[in-house]
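Should a chain be cited, it is by its letter among A, B and C, assigned in written order, with residues numbered from 1 in that chain.
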Amino acid sequence: MVDDRRPAADGAGGGAGGGDPVLSVRDLEVSFATRRGRAQVVRGLDYDLHRGETLAIVGESGSGKSVSTLALTKLIPMPPGRVSGTAHLDGQDLLALSERELLAVRGRQVGFVFQDPMTSLNPVHTIGRQLVEGMRHHLGVSEAEGRDRAVELLRLVGIPAAEKRLDDYPHQFSGGMRQRVVIAIGLSCDPQVLVADEATTALDVTTQAQITELVGRLQQELGMAVIWITHDLGVVASIADRVLVMYAGEIVEEADVDDLFADPRHPYTVGLLKSLPVLGAFERDDLAAIPGLPPTATDLPPGCAFHPRCAFRHDERCATERPVLREVAPGHRIRSFYEVAEADRRQAATVGAADVGAGAGAGEATP
Amino acid sequence: MNHAQDAPAAGLERPSSKPVPRWRETLSVLLANRLAAVGLVLIGLLIVTALFADQLIRYPINAQDLSVRFDAPSAAYWFGTDDLGRDVYSRVVMGSRVSLQVGAVAVGISLVAGTLIGLLAGYRGGWLDAVLMRTMDVLFSFPVILLAIALVAVIGPSLRNVMIAVGIVFTPIFARVVRGSVLSVREELHVRAVRSLGASDWRIVTRHVLPNVAGPIIVQASLSLAFAILTEAALSYIGVGVQPPEPAWGYMLSDAQRFQQQGWWLSVFPGMAIFLTVMAFNLLGDGLRDALDPKQRSVIESRGVK
Amino acid sequence: MTRYVALRVGQSLLALLGVSVVVFALMHLVPGDPVRAALGTRFNEELYAALVQRAGLDRPVLVQYFDWLGRALTGDLGVSFRTGDPVMLALAERIPRTALLAFGALVIGLAIALPAGIVSAVRQGKAADYAANTFSQIGVSIPDFWFGIVLILVFARLLGWLPPGGYRPLTEDPVAALSYLALPALTAGVVTGAILTRFVRSAMLDALNAEHVRLARAKGLPWRYVLRHHVLRNAWIPIVTVTGLQLGTLLGGIVVVEIVFSWPGLGTLALSAVETRDYPVLQGVVLLIAAVFLVLNLVVDLLYARLDPRIRVGASS
C-alpha cells in the first residue's frame, strides 16, 4: 500500500502488510486482582502485525493499550496480573514461555521505547553502559565490540559526536536526544518488533515530529515492525499503516489509516475525530466532547462497553449483548451493532482528513 | 500498577460531584488509616487522663507509706508502689499533665516562632532569608537533646525552663518546613496573579500562603509533639528537667533504675506511658502526612483500582 | 563540582562560627555569677579570682569572645571550674570511649536496617514488610533510655548475663570490654536501626519503582542483574547520605545512653559538668559534639556530590 505521505516502500525491505505476520495475537486477556475485584483491563484482543508495518494502537487512558503490549512479554506485575491467550512471534507463543525464556525475547525480539526519556535512563550509568549491557547479554559481544556497535547506533539515531558521547550521562542530553538514545537501546539487538509506548508524549511538538520521522525512517531501513501506542491522532496520521482503536480493553475499530480517517464507522471513533480542534474553523462551537467517562475495569457494563456514552444508538441490545468484531469493509472491522450514519460520518471525515496536525489529540490535551 | 495515565481525556467532562469541604475529606482519609485512628484514640485518652487526673488518681501522689514499700502490682496498687510507698499508678496518671503541658507549650512556642521565621524567610527572600536560615542552620548543628540539656543546665531546671528550652530547640524545624512550603506556594500561578493585581503582602500571606502551608505545619506539629515529649522525658530522666515534687515520667524512671532489684514495675509503667504517648503522636503525624499529601491521597483512595 | 565543594565548606565554616557564638553565650546565660555558683561551698577569694581571670570573665564580652575563640582554635578550651585541669584533657580522655560506643551502635544499626529495609521494600505489602514497619514505628517512638533500662532489667538483673553498666577498656580485657559494650551499643543501635530501616526501605522503594528499572527489564536483563545494577546501585546513594545524617542524631542519643549505663564518655562528662556547674567543661563538650556533627554533615554532602553523576559531572548540552 503506497501512501503519498511517506516515501515509497522499498520493495526489498518488504512492503507494509506483505507476507506472514511477524506477530499474531489471539484472544489476549489481561486482568488484575484489586481490592474492588478483578479488573479486566484487556478483553479479547486479536490482531496481526506484519514485517515493515506500523500499527498504531489508539485509545484514552485506561483503555488497556499499554498493558496489552507489556503483557506480551509479561512485563506487568504477575501476582496481581493474569494473562491468557496466545501471541505468536516468529512461530513461538510468547505467553506460554517461562520467565527465563522470556528474557531472551525481551530486548532481543521485542524492543521497547517508553514515554518519559527523563526517567527511562538510569542517571548514574553512562549511556554507553546502558546501550552495551543489553547487547552483551543477548548477543554475547565483548565490551569493545559493544561500544563500536553503540557508536553506530547513536549515529543511526542522529546523535552528533557519537563516540565522545558514549561516556556521557543521561542528564547531559536534552529530552529529544535522550529519547533517541532510548530508541537506540530499543534497536540495539535487532528486534523484530519495536513497541513505542507514548514515545513522543513527553516531548515538545517539534521534537515529536523529529522522533516520529526518525522511527519511520529506521523502520524502512531495518525492516522491523513497529507498534505505536498513542492517544495522539496526529502521530497516527503521520506514520501509521493500520490503526486499532481501543476502548475499555477491546478493539472497537480496526482499519487502514486512510480508511479510518476518511470513513470511521464506530461511534467512538467518530466521536474522537469530531472532538479534534480544527485550525481556522469558523463556528464558535465548543469542542465536541464525548460526555461521561470510560467504565472502570472492575465494573464493566454487560453489553457494549461504549453504549452508556453512545450518541447514536442506545437500545436493549446494546445494553445486554456484547457486540463482536465484524468486518464492514475489506480490512475494516468494528465492534458495534450499528454503524455510524453517513451524514455524521461525512462531517467527521471532513474534520479528520483535513488538517490533522501533530498535537491534535484523540480528545486529550497535549501535555 | 497498570499504566493508566493520570490525565483524563480533555473534552470528556468529569461527572460533577458535590464539593466536599477539604478538611472533611482529609479527616475521612485520615480515619480510614487504622494506625492513625489508633493514635487519635490514644491521644484522646491521654488528654482525658490529664484533664481529669485529680479524679483518676487513687492515692495522693506524694503520700508516703513506708509499710507498703516496693509492693508489686495488686488490686490495691495497680502499678505497685515505689521506694517511699507511693502509688505508682497515681503518679503515672499525674505525670501525664507535665508531659502534655510541656509538649503543648514547647511545640506552641516553636510553631509560632518557626512559622514567623519561615514566612519571613520564604516570602521576602534575599538577605533576610539568608540571615534567618543561616541562624537556623546553626541551631540545627546541635543534636537536639544536647542543646536542650545545655540550655536547661544554664538557665536552671524547672518546668517553665524546660518548655522554653525545648521550644527554642524545635523552632528551626518549623522554620524550615514553613519556608519550604512558602517557597513553593509563592510561585504558584494564583499567588502570582493576586500579587500582580496589587494585593498587599499581608493579605497574600494570610489569605493564600498560610492556608496552603497549614498542612505541613500540622503534620510537623504532631511529629514534634512526639519528639518534645520524648525530649522532656529524657531531660527529667537526666535530672535537668522537671523537678520533684511535680511528678514526671522521666525522673520516675531514673529513680526506678536505682531500685531495679526491688521492683520491676517501677521501670515498666512510667516508661510504657512515655512510649505509648510518643507513639500515638507519631502515628497521628504519619497519618496526617499521608492524608494531606495529595499524591498519597490519590494512592490511598484508589487503592481499590490498581 | 569544586565550586560546590567550596560553597559547602564555606557554609560549614560559617555555621561553625555561629555554633561558637552560641556555645560561648551559654556561660553568659547563667543567672547570677557562674563562677561563684560553680564553686559553691569551696568558695575562697583566691580561687575565685584565679578562675575568673583564667576564664576571662573580667573583660568586656566582645573581647572575651574573640579571646575564647582564638584559644579554642589552638586547642585551649579553658580549665575546669571543678578540677582546674584543662578541659581539653578531660575531652581527650573521653572521646575514644564515646567513639567506640558510637561505632558499635552504628554497626548494629546498619546490620538491622539494611537487611530489614531492603527485604521490606522488595517484599512490599507482605508479612516481612509489615513486621519491619512495626519494628520501625516502635523504634522511633520508644525512649532510648527506657529501652536501656529494660535491657538492664532483663539481661543484667534477671538473667545476670551482662553487667548493668560501667566500662572496661578494650586494651585491658577485650572479652570483658565487649560485655560492657554490649548493652549500651545494643540500646543505641536498635533504636538507630529502627529509624534507619524506614529510610532504607523508602530509598529502596524509590529505586525499585523507578522507570529505568522497567526499561532495564524490558531489555531482557535478568532480575538479579537489574536488582544489583539498576536498583541497589541507585539506592545506596540516598542510603549512605541518610546514614551519615543519622550519625549526628546518634551522637545526641548516645549522650543519654551513656548516662543510663554510666559509660564514661562525653555524655556522662556533660552530665557531671551540669551537676557541678562546671561550665567550661559543658561548653567544651557541646562545642566538640556540634563541631563533629557539622563536619559529618559536610562530609556526607560532599560524598553525595561525588557519588551522584548529576552533581559531579554537571549539566552540559
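Annotations
Quick note on the criterion: a contact is a pair of C-beta atoms (placed from the backbone, for glycine too) under 8 Å apart; a residue touches a chain by one contact, two chains touch by 3 or more.
Every value quoted in this text rests on a predicted model; they were computed, and no experiment measured them.
C-beta contact counts were set side by side for A-C and B-C; B-C has more. A centroid comparison over C-alpha atoms places C as the chain most distant from chain A. Each chain gets one centre point, the mean of its Cα atoms, and the points for chain A and chain C are 54 Å apart. The distance from the centre of chain B to the centre of chain C, with each centre set as the mean of the Cα atoms, comes to 23 Å. Contact with two or more other chains is made by no residue of chain A.
Chain C makes touch with chain A in their complex at residues 210-212, 214-222, 225, 229-230, 233-234, 237, 307-310, 313, 315-317. By the touch criterion given at the top, residues 35, 134-135, 137-139, 141-147, 149-151, 153-156, 226, 230, 233-234, 237-240, 253, 256-257, 260-261, 264, 267-268, 271, 274-275, 278-279, 282-283 of chain B touch chain C in their complex. Chain A meets chain C in the complex at residues 73, 75, 102-108, 111-112, 114, 116, 119-125, 133-134, 137-138, 168-169, 171-174, 177, 182, 185, 189. Across the complex, chain C meets chain B through its residues 11, 14-16, 18-19, 21-22, 26-27, 29-31, 137-138, 140-146, 149-150, 152-153, 157, 164, 248-249, 251-253, 255-256, 259-260, 270-271, 273-275, 279, 282, 286, 289-290, 293-294, 297.
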